[in-house]
Amino acid sequence: MIQYLTNNHVIVWQALQEHLYLALLPILFGFAIALPLGYLAVRFTWLYHPLINTFGVLYSIPSLALFVFLPVILGTKVLSPVNVVVALTIYTVALLARTVADGLRAVDPVVVQAATAMGYRRTRRLVDVELPIALPVILAGLRVATVSNISLVSVGSLIGIGGLGQLFTRGFQLFYLEPILIGVILSVVLAGIADLIIVLVQRAVTPWTRAA
Amino acid sequence: MITFEDVVKVYPGGTTAVDHLNLELPTGKITVLVGPSGCGKTTSLRMINRMVTPTSGRILVDGADVSQQNEARLRRSIGYVIQHAGLFPHRTVLDNVATVPVLLGQTRRAAREAALGLLERVGLSAEFAKRYPAQLSGGQQQRVGVARALAADPPIMLMDEPFSAVDPVVRAQLQAEFLRLQQDLGKTIAMVTHDIDEAIKLGDHVAVFRTGGRLAQFATPRELLAEPADDFVASFVGRDRGLRSLSFDSAAELPVRPVDGIDLDDSGRPLGLPGVFTKDDSLRVVTDLVISSPGGIAVRVGPDGAADGLVSHHDLADYLASRRS
Amino acid sequence: MITFEDVVKVYPGGTTAVDHLNLELPTGKITVLVGPSGCGKTTSLRMINRMVTPTSGRILVDGADVSQQNEARLRRSIGYVIQHAGLFPHRTVLDNVATVPVLLGQTRRAAREAALGLLERVGLSAEFAKRYPAQLSGGQQQRVGVARALAADPPIMLMDEPFSAVDPVVRAQLQAEFLRLQQDLGKTIAMVTHDIDEAIKLGDHVAVFRTGGRLAQFATPRELLAEPADDFVASFVGRDRGLRSLSFDSAAELPVRPVDGIDLDDSGRPLGLPGVFTKDDSLRVVTDLVISSPGGIAVRVGPDGAADGLVSHHDLADYLASRRS
Amino acid sequence: MNFSYLTDPAHWDPSNPGSIPNLILSHLGYTALALLIGAVIALPVGLYIGHTGKGSFIAINAGNAGRSLPTLGLLMLMVTLLGLGLLPVLIALTVLVIPPILTSAYAGMRNLDHRVVDAARGMGMRPWQVLSRVELPMALPIMLSGFRNAALQVVATATVAAAVGLGGLGRLLIDGLAVNDYSRVLAGAIVVAALAVLVDLFLALIQRLIVSPGLKGS
Amino acid sequence: GTNSDPLADEPAASGAAGGSVTVGSANFPESQLLAEIYSQALEAKGVKVTRKFNIGAREVYLKALQDGSISLLPEYNGALLAALSPNGIPAGVSSSDTVLAELKKVLPSGTEVLAQSTAEDKDTLTVSADTAAKNNLKSIEDLKAVAPTLVAGGGPEFTERQQGLKGLKEVYGVEFKEYKPLDPGGPLTVNALKDGDIQVANLFSTDSSIVTNKFVTLADPKNLFTSQNVIPLIRSEANNATVTGALDAVSGKLTTENLTSYLAQVQVDKKDIAVVAKAFLSENGLG
C-alpha cells in the first residue's frame, strides 16, 4: 500500500482535493438554501409537510441517476463537476431543511414568547434567540450531511467524475485491492476530520449545552 | 395607570377568554389577578403588552391606547416575567439580564455592568453571572427572570405566576424579597397567580376573575377577606377568612394588662411559652397565641425581649368587639 | 405493620439520605412522611418495596424482612403511586389499571372488568377507560395512578407526592376522595408529601424528617400541632398552629345560648351572616366565625338549617379555657 | 429523455429476467436482507447501550463513522476480496443500515421517561418484562423512524449492486448509461424513487399499526 | 469550447504554444493506458494536459467529447465507425483502410482522427478451454447450435450494439440463453468466465488473461467484429502540429504485440499505468 502511495501520490493527492471540494461545496450551498427553507417551514406551518415530503422523495433518487440526469436538465457538460455539486446540494438541502425546521420548532415557545415580550422584532429574534438555541440540532444535521456527502461523492466515479471514487474504479478494473483500500481509508479519514471540525465548532459556539 | 376599557377577547376557537373587562391598575401599586384555571388571567396580562390583541375594547397605559403604539417599543418599556422564567438557555445569566438594555442600544459592557448590580439586588452574587440558566435552581432562575424584567427600569411590570415553579419555602423567600424590592422601586405591577394566599400577601389590590373571563371583584385584600362580593369569591378566598383578615390589623393599639403570673428569666423574658408577640405583630398572631397557649393568654414583649404586657382571650374578644363598633 | 429497624442509606456519591431511622407504620393507617426537599422521604419509601437497598438496618413488613423476599413478588403485593403518576403512555387507561392483575396471572378480560370498577371508585366514568394518559388532565392522571396501585388489592400502598402535580382546587378534591376511599379499604399507607397541610389533613400519623435523613418527630397530627418536638418542627409546621389544632376538636360539646337578637327568616334560618356552624363542625370554624362576624358571635344551626344556638367570642374563650383545665 | 422505456409493456413482462418487475423483486430482496441482517446486529446492541448507558460514546459516534464508509468503495473492496456474488453486496448494504438502526434504538431507549420505567419496576415487573412491556413499546416510535431512514437509504443505494454485475434496479441505471439510453436511466430513477416512497409508506403503515396511539404526537 | 461553462475547470481550446488538451478514456484499463501514453507523449512536447480518464462506455465519452468536456481520446476505428453509423457499417467495409476511409466520412463535425496505428484490439467471443473442448468450438459459427444452452457475459453495452448481440444474431444466427451485463473486458467478466458463471465472454483480443487462463478465442469468419486499429480521436480546435506530431509518433510505434505486453504489465503485474506508459515511451524512444 505504501508503495502504491509513493508511486501514485500525485493522482491520490489530486483525487483527495477533488473529493474534498466536490463534497464540501454542496454543504455550503445546501446549508445556505436549507436555512431559509427550514425557517419558512416553521413560519408557515402548512409548508412543513409538503416541503419535507418533497425533499424526502428527492433524497430517495439514487445518486447515480441524479448525476446522469442533471446534465440533461441543467444543460451542463457530462463531466462537469457542477452535476455532482448540484446533486449533493439537493441531498444536503433534503437533510438540512428538515433539521433546521425541527430545530426551530423545538425551541421552547416560552423562551420565544419571553423574547417577543421583551420587544424583539421577528428577524432579530430569529438571529439572536431562535437560531442559536436550535444550533445544536442544526449542527447535528450538518454533521450527518457532511459525512454522507463525503461518502457519496465517490459514486461520481461511475460516470468519470473525479474524487477518491476514481481510486475505487481504478482498483476494481484491475482487481487490485490497494487503491480501493486507500480510497476507502482516505474517504473515511476525510469524513472523520470534517466531522471533528464541526464538533469542535459546535463546542465553541454552543457552550451552554455543556452546562448541565 | 393601566386601564382596561370594556375589553373583550374571543380566541379564534370561539373561547371567550375575557368578557367585558373594566379595570384600573393604579400607578406604583401591585395589582394581583387571581382566579381559577382558564379564567383569562394570562390573556388579560398579555393584552397589556400586545402579545394578545383584544377583540374589542381598549387598553390604555397612562391614558395612551397601547394599540396605537409601536409594538416592539411598547414591549421594551414593559417588563415581563413568566412562569419558569423563560430564560434564554444559550446566554449566561448576565447576558440574559442585559438583553433589553442592549436591544435599546446600550453597549454590551455598560449593560453587563448594570446587570451585575441588578443580580445583586435580587439576591444573586456575582459568581452566578457567568453561569448558564441550566446551572441554576428553579428559585435562582426565577430571580434572574425578575432581574431581566427590571433591567431596562420599565415603569410597568407584568408577572405571570412568577413564583409558581418553586417549592413553598423558596417561594415565601422570593415573595418577601419581591416586596422589599417593590418598596424601593415603586413600579406599576400586574401579577397573575392562582394562589389566593399569594394574592393577599403581595397585592395592593386584588382582581378576582371567574370562569368565563368576567371580573368577580376588585378590592384590597382586606376588603376581599372582610366582604367577599358573592359566594364564588367567598369560596375562592377560602376558610379562616376572619383570622386571615386580622393579618392587616396591627397589635400596636391592643391594650395590655401588667405582666403577672408568668415565669420570667433574669432579664424579664417569659419562660415556657409557645410564643410571644410584639407591637409590630398582627392581631392574627395574638389570636393564635391565646388559643394555643396553655393559659389562654398572649404575652407581649418589648424590643429587648422582656415581657411588657399580657392579653387574655377575653381581652382580645373585647378589643375586636370595640373595633367593630 | 411496616417497621424500619435502624435503617441507614448512604448513596454511592456519599450522600447520607437516611440516617438510623427507626419507625413503625401501623397496619390499616395512613402514615405521612414529611420534610424539606432532599431529606430522604422518597428514599425511605422506596426501601420498603426494595427499589432502593438499605446500606444497613432492616425493614420488616408484618415481621418479615423484605430483603429476604422475592423482589418482584414483594412489589406486586405493594401498590406504588408516584408523582406525575408514571402512567404507561402506550396503554389505555383501562390497561394501565389492569397491569398488575395481568402480571399476577389474571386473564386480560377479568382484569379489565375489575379495572372498570376501580376507575369508577376513583371517580372516573367508563368513558375514560379507552383513552390514553396523554388525553387526560393532570388530576385525572393522578386518579388513574391511584386506581392502578389499588388494582391488585395490595394490603400496602406507597404514595410519593401523589397529589402534587395538580392545582390546589383539584388537589383538595383528590384528597377528600382519597380519604373516603381509605375509610372503605383500610390499607396500610405510607405517603410522602412536602406540604404540611396535606400531612395534617390526611395522616393518621405524621413522620417529620429533617435534612440529613433523620427523624425529627413521629406523632399524630394533633400532637404535632400542639407539641412540636423542637424549633425545627415548630417552624416547619408553620403559623396558625393553635387555630389549626382546633380542627381536631368538635363543636358538639360547645355550650350555646338561646338564639336572640338575630334576624331569622320564616323557617328560623339566620339572615345576613357570613356563615354558621353545625355540631359536626370543628372549633376552628367557630373561632373564625366569632372573629369575622359583625357582632362577634357564631350561630349554630340544626340539620334543617334553623338557628338553634348562639356563641359569643367570650363563650368560646371560656370553653377553650375550661377544656384546658 | 422520455418515458418510453417505462411505458413499453415488454419491460414489464415477468418472464423476462431483466424486466422491471424482476428487477424490483431482486432490489427488494437485497433491501430486505440488508435490513434484516442490519436489524439483527444493530438492534440488540443499540437497545443494550441505550438501556444501560454503557458505551454511549460508541452509539453516538457509530452513526457518523458508519455513514462515512463509502458504500461504492466498500462494495468494490468486498468484491475484490470475496469475489462476485450476493455476499459482498449484502455486507456493503448492511454496513449502510446499521448506523441509523443502532443510533435510533439507542436514542429510543435513552429518551424514555424514567418515571414510567420506575413505576413499572415498582409494580413488580421483572427486568425482561420491563423491557418488553414498557421500554420497547415506548421506544418504538423513535426506533421505527430510524428503521425507515435505513430503509430509504438502502433502497436508493442498493442500485450500486449493478455496478458489480448484480441485479436490482441499478441495472437500469448502469446498463442505460452504458448504452446511452436515457429513457432507461430515467425509468430506473423513477422506479427506485417510487419504490422508496412505497416502502416508506408501507413502514409508516406498520408503524401506525404497532405503535400505541397513546404515543402519538410525542 | 463552444458552450463555455464557467465551472468547467479547463477550456478545451488551446491558447499556449503547444496548446492544451483534455485527454479522456473509456472505463477499461487498455483505454486508460493508451490515454496515459498519449498524455505523456504530449507533455513531453510541452503540451498542457488535463486527464479525465475512466469516463464510461463509448456512448458516454463521445458525448463528453462533443460537449467539449474532453478533447482527445484513444479510439478503435471499427468500433467507432459502428457507433457512428446509424444504419450499420456498409457491406465490404472491414479492412483497416476501408474502415478508416469510411470513418472519416461520418465523424462528427469539429472532430478528426489522426494516423491510425497497426495495433489492433478486437472484440472477441472467448470461451474456456473446457467449454471449447466439450462443444468442439473453434469459431463463432460453431456456437449457433449450442448457444441457446449457454450464458454469455460482458459489458452492458454489448447487448445493444451491432458489433454485439444484434450482429451475432443477424450474421451468425447465434442467440444465447442469457446475457449477463458485467464489465467491458474487465475482471468481473474474466472471473465470471473462469468460475463458469458464464460460458462465453466478450473480451478484447489484447487481454492477457486470455493467455493466462488458457481461454479459447473463437474465430470470426464473417468479420462481424471489424478491424479495430487504435486511433486518436481529437477535437479539431485542440489539434495543431505539435499535437499531431506527438500522437503520430506514438501511433507509429504501437503494435498489437507491444500493446498486449504493456497491458499485461498493468493487468497482471499491477504496475501503475503511468509507470507503464512512461516505460513504453522511453523504450520506444519517444520519452
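Note that the chains take the letters A, B, C, D and E in the order they are written out, and that residue 1 is the start of every chain.
Here is the rule we use: a contact is a pair of C-beta atoms (placed from the backbone, for glycine too) under 8 Å apart; a residue touches a chain by one contact, two chains touch by 3 or more.
Chain identities (UniProt): A, D = Osmoprotectant transport system permease protein; B, C = ABC-type quaternary amine transporter.
Predicted, not measured: the structure shown is a model, and the values here were computed from it.
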{"item": "Chains contacting each of chain B and chain D, listed by label", "value": "A, C"}
{"item": "Starting at chain C, fewest touch steps before arriving at chain E", "value": "2"}
{"item": "Centroid-based (C-alpha) most distant chain relative to chain D", "value": "B"}
{"item": "Result of counting contacting C-beta pairs for C-D and D-E, higher pair", "value": "C-D"}
{"item": "Chain B and chain C: spacing of chain centres that average the CA atoms, whole Å", "value": "29"}
{"item": "Gap in Å, rounded to a whole number, between the CA centres of chain C and chain A", "value": "58"}
{"item": "Centroid distance [mean C-alpha coordinates] between chain D and chain A, Å", "value": "20"}
{"item": "Inter-chain centre distance, chain B versus chain E - centres from mean C-alpha coordinates, in Å", "value": "91"}
{"item": "Per-residue overlap in chain A, given as positions that touch at least 2 other chains", "value": "157-159, 169, 172, 175-176"}
{"item": "For chain E, residues that touch 2 or more chains besides their own", "value": "56, 60, 63, 183, 191"}
{"item": "For chain B, residues that touch 2 or more chains besides their own", "value": "none"}
{"item": "Touching pairs among all chains present in the structure", "value": "A-B, A-D, A-E, B-C, C-D, D-E"}
{"item": "Residue numbers on chain B that touch chain A, as the complex places them", "value": "49, 51, 71-78, 80, 82-91, 99-100, 103, 131-135, 148, 158"}
{"item": "Of chain D, residues touching chain A in the complex", "value": "1, 63-65, 67-74, 76-77, 79-81, 152, 155-157, 159-160, 163-164, 170, 173-174, 177, 182, 185-186, 188-189, 192-193, 196-197, 200"}
{"item": "Touch list for chain E against partner chain A, complex", "value": "3, 5, 7-9, 24, 27-29, 32, 52-56, 60-61, 63-64, 67-70, 183, 186-187, 191, 266-267, 270, 272, 274-275"}
{"item": "Chain D-touching residues of chain E, taken from the complex the two chains share", "value": "56-57, 59-60, 63, 155-157, 159-161, 178, 180-184, 188, 191-192, 195, 197"}
{"item": "Interfacial residue positions of chain D with respect to chain E in the complex", "value": "17, 79, 83-84, 162, 164-165, 171, 174-175, 177-181"}
